[in-house]
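The data blocks that follow each hold one structure.
Next come two complexes, and both contain subunit A; in the first it sits with subunit B, in the second with subunit C.
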Partner chain A sequence: MKWFKQTKYVWPLVPAVLFVFIFVGYAIMMALLESITINGQWTLDAYKQLLENQSFRDSILFSLKVTLTSTFISLFIGVVITRWMYYYLRNYWVKVLIWIPMLFPHFVWGYIVILLFSQSGWFSGLLYELGLLEDFTHFPVLTQDQHGIGIISTYIFKEVPFVILIILPVYIQMNHQYKHVVQTLGGSKWEIFKTVEWPTIFPVLSEAGIIIFAFVLSAFEVPFLLGATYPKMVSILSYDWFFQGDWSQRPMAFAAMIIVTSIIVICSIVLFSMTNRLRIRVSKGER
Partner chain B sequence: MKNRHYSFLFSIIGLLVFFPVAFLIVTSFALQWTWPQILPTEWSTIGWNALIEEPKLFLALRTSIGIGAIVVFINLAIGFPAAKVLAFQSFKGKSFIEAFLLMPILIPGLAVAMGLHLTMIRIGVADHWAGVALVHLVPTIPYTIKIFRSGFERVGSFYELQALSLGASQKEVFTSIYLPQLITSIRSATFLIFVISLSQYALTAIIGGGNVVTLAMIYFPYLSSVNNAVIASFSLLFAGIPLLFILIIEIVIRMFIPYRSLTNTQQ
Partner chain C sequence: MFKYIRLETKNIAYLFPFIVILLSACSNSTDNTAVDEEILLKEWDSYKENASESEVSIFMWGGDEGINAYMDEFVSPELKEKHNITLNRVAMDTNEILQKLMNEKRANQEEGTIDIIWINGENFLNAKENDLLFGPFTEVLPNYQEYVDTESLDILYDFGTEVEGLEAPWGSVQFVFQYDSAKVSDPPKSFEELSTWVKENPGKFVYPEPSDFTGNAFLQHLLYDQIGGPDKLLENGFDEEFVTNNTDGMWEYLRDIEPFLWRDGETYPASLTELDRLYSQGEIWMTMGYNEARAESFINDGTFPESTKSFVLDSGSIGNTHFLAIPYNSPNKEGALVAINELLSPEAQMTKYDTTYWGESMGIDPEKLSNDNKEKLAAMERGGSVLPANELNEAFLPEVDTQYGGWIREKWLNEVVQTD
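Right after this comes the complex of A and B.
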């Protein structure tokens, strides 16, 4: 009876849950099936091929490196700006300004990064005019480079405003009197951050972090513009295999995406169980 | 102290936001601009003209705006009720449902699109704008739910309870309480969904199969074939369309909403 009473209030959730079941659950199941079927036979060959494939192994390591770097730098800069400026960020016009980067798609930012930071870009021209550069070949390779600097900087540009928009409400609603308590008891600024701010922002910040991580690890557009020919981000490899004319590489395309999906799912589960434990501890009053 | 902070903040944001945008605008009007010149030596509107003369542009504009509008509409229809439950009800397994509803932006969009591809061919929505609109729901739904959920939490359920106890119907509660109070949420959700839908290249390419020509589908080939002035104009167009769209939405909302003065003071 209690369950029935509960479902009465919960039915508006049904369309959303159903949507996720079909568009994520079913889609991933189909992708998994296609990664383990070759000519109608069940086999793990696609995964074996992937693990033996040097370019895939390099690609997955490179993707993880690029993703972790962009995620942590974006989170760090976002938190630094927000905690320093949250009082002023409440200003309506400042908020409008933060929305401007959101206005352009990721690939437009990627294009701007190429215009500004490539070897024959605007900044190398500026340095030349200032007499600090002999020739554009002396300018460091920052776009379509092997270390993913171009990809990473594009994502940082685009994700820092995202982090600010997500944690700003938390900073505005935070009980700032706790900070005074720490101060009165002789705590340093670092201790204020560690004991008052961190437990409050951690759940929100980790959610923003996993969203950025999942997005950067699997997005296609930015690495397509700014990636080097080797190593490629795993999304590019998978996309190329998917569109290979004779479909022979499709199981590998699916298998690569299933591996990426598994990495993201495992990371999310670890993170959500961590934040849940923290939430329970906070609600019990022991920090 | 306060003024110093403000000017510092504005100069940082100015550097990071205005400079790239201004740079795009300058590039879009450049005719002659060779390395290492800081500014173009000759200016013209050739970039914009070439963009407007692109034969596929107007069709692509129509397709993109149409798909974006449908995606926004379905998002609101699915997200609004779900967000209300998450904001006001507590039930067993709520945190699990929350995590579950976040899945569409965590699971790789490429994996989803590839996984749905064969099924969409079978039911006949692949290579069709309908299939593309459906797959654009994936990276947007969780944001809609999040935005509306925090909107509902801000408003609270007291107004609704008050209205219901005075005999208002559910429809009246919706049009006279939540619609005007959640206008900021509607605005940000619409804007964000529309921008995300415009930015999809890979998902559109996989499900649309080259037959559904959105703006992103002509932008990418442009990158390797035309000069910077045209691409810069095109890039600016990408920012202009959501602004125009949000303006239209604003007008529509203002025509339908009661208590205009109340919503204005809420800003």
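Right after this comes the complex of A and C.
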């Protein structure tokens, strides 16, 4: 309750909270209403249709696969780079270098990936000029492929710098003397990571993870550019249903997005309750 | 204590914008129908007077540089000079424009921001069904009465939907295939020959997926071919049972060529832009699209190879008309009327026909032009990649009910994609 007594921190939050409640809350409520009404009648038909729809089932599984893969790989690479380089990353120029991909919007980065890695792209052309490739159709299919390689790699390029941005301060402020303690007690590098670094970075890392997860699962532009015809990411499917034809498929589009929102909300609640417990333990000094 | 109070008053100020938004969403629901009808009863000259010094906003698809240049470099100065109207072009996809209007309609917003929209097909059907358009207004336009062939079916109907004066014809386009004549010596003349060609040249052909407008039109050609022309489809409107029972061959055909398509048919380009990119980089040897002269501007700016030519199949090529409409809540309806009338003038239409900017067919009837203009029109060169007018006219096929588009999309997914 101590936190609530510090009213001077609460009041300035009001605009932000209201903003979220009015705009995001209203939008979600409207989407929910649209998904459960068809021609003014209350019905769960849209959800029934969705679950029976082969395209949707394939799409949601594909989306989760792509999202989880890109989230975990980004987090992993981000942590590895930060661990190795946090000392050098204090340098301004090294930091700028690492953060270059963050300057580009996702859409632009997606296009860069196409221009570089498509079958008639820059790399394929280079290999052809060097005589290493007989024909550009022999170049591996890395964009618009059915496994989402193009999508996943675009997100990894974009999100790794974000992960570094988030956990770098944690690494810099970490009490590195703990590491020496583990070392003197004969602990390996892995034990240093497990006992000293991991408990400190885990809460921050999981926050970064949920942000990436939520973004990738529902973003439109990258899968639109780099996705295959089938299966589609759920955001594309939903966009198609929303805009196409006589608008009769709109309830399904809203239902699909409500399902995506629920997945994100549930994941966030689970993760936050986990990290909260950890935070409390850390603040009480029991590691 | 004093400190807290100060913080609170500050926060009421933060809240102010939200309160305003909430309040404004609740009011503002006056009925404008009567005012609209009054506008249409006025004399033409009074529109011109009222439109002078006003601003007209046209919201239109902005994905083609030639079209944008036509609007910005020709139409805009023309309107300024002749009518003292400032034209404000906003690039937005048509479905999103309609969504915006739909939201405004729900919020009872009687004064919008859009004066003219460029529209046809499904979008027009949606707009008409949801009462998003102002009118009927075409009868009051002098240039509509003078130059448009008002009896023609492709002006009375827009993809099977009755126009009823809610939109004015701006231009028309016909579907053609483009090919690189340096690589393809003898383009196919029928779907059968196309299939043979595709099998002989694996990986060099693909069509956009049918959620794309162009991909859908390609499949619609195949549908016509399959059931022997569009007449049966035109007669009965949308007849799902009929097409479902008579199109097994069509899906068989698509499954048959699929392994020989680009990327072995594992994926299809999501848009026409993507198809054109593949063609321009030489991954595929044919592309396609509405607008018989579309290749010209691409050849001129070096995107397409100079050896690009076009062809139509013997079974015909689908053409359609696209239109200009005025939203129900346009803030400057009189300005919009004057601007649309100007866009239908022989001068504006003939400049649009010229390949310098856009190069598409006119929305007005060439037969109704003055003799001078007829001569000028005959002297215009459309460029080497454009088929002769008589060949295009002979091949012309009308569009059918837009619901066939949706049927094709659904069915294609089940019959072609999910069977792998």
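FYI, the second predicted complex is superposed on the first by the 274 of 287 C-alpha atoms of A that agree within 3 Å, B and C clash if a C-alpha of one lies under 4 Å from a C-alpha of the other, contacts with A are read in each partner's own complex, and residues count from 1 in each chain.
Definition applied: contacts are C-beta pairs under 8 Å (C-beta built on N, C-alpha and C of every residue); 3 or more make two chains touch, one makes a residue touch a chain.
Computed from a prediction, not measured in an experiment: that's the story for all the values here.
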Touch check for A:141: first (subunit B), second (subunit C), both, or neither?
-> second
First (subunit B), second (subunit C), both or neither touched by A:100 | first
Applying the touch criterion given at the start, work out whether A:240 contacts subunit B, subunit C, both or neither, answering first, second, both or neither.
-> second
Would you check which partner chain A:15 touches, where first means subunit B only, second means subunit C only, and both and neither mean what they say?
-> both
Should A:227 be classified as contacting the first partner (subunit B), the second (subunit C), both, or neither?
-> second
Identify the partner contact of A:120: answer first if only subunit B is touched, second if only subunit C is, both if each is, neither if none is.
-> both
Name the contact category of A:218: first (subunit B only), second (subunit C only), both, or neither.
-> first
Return first, second, both or neither, reflecting whether A:55 touches subunit B, subunit C, both chains, or no partner chain.
-> second
Quick one: subunit B or subunit C, who's touching more of subunit A?
-> B
Shared subunit A surface residues [contacts with subunit B and with subunit C] = 12, 15, 19, 120, 136, 224-225
Could you please specify the touching residues of subunit A with respect to subunit B in the complex?
-> 6, 9-10, 12-13, 15-17, 19-20, 23-24, 26-32, 34, 81, 85, 87-89, 91-92, 94, 97-109, 111-112, 115-116, 120, 122, 124-126, 128-129, 136, 157, 169, 207, 210-211, 214-215, 217-221, 224-225, 235, 238-239, 242, 253-254, 257-258, 260-261, 264-265, 268, 272, 276
Subunit A residues touching subunit C in their complex are 7-8, 11-12, 14-15, 18-19, 22, 54-55, 119-120, 136-137, 141, 144-146, 224-225, 227-230, 240, 243-247
If you look only at subunit B, which of its residues touch subunit A in the complex?
-> 2, 5-6, 9-10, 12-13, 16-17, 20-21, 23-24, 27, 35-38, 77-79, 81-82, 84-86, 89, 91-92, 95, 97, 99-116, 118-119, 134-135, 137-138, 141, 145, 150, 191-192, 195, 198-199, 201-202, 206, 216, 219-220, 223, 228, 231-232, 235, 238-239, 242-243, 267
Residue positions on subunit C within touch of subunit A in the complex are 3-4, 7-8, 11, 14-15, 18, 21, 95-96, 99, 122, 125-126, 129, 203, 209, 211, 263, 266-268, 270, 278, 281-283, 402-403, 405-406, 409, 413, 417-418
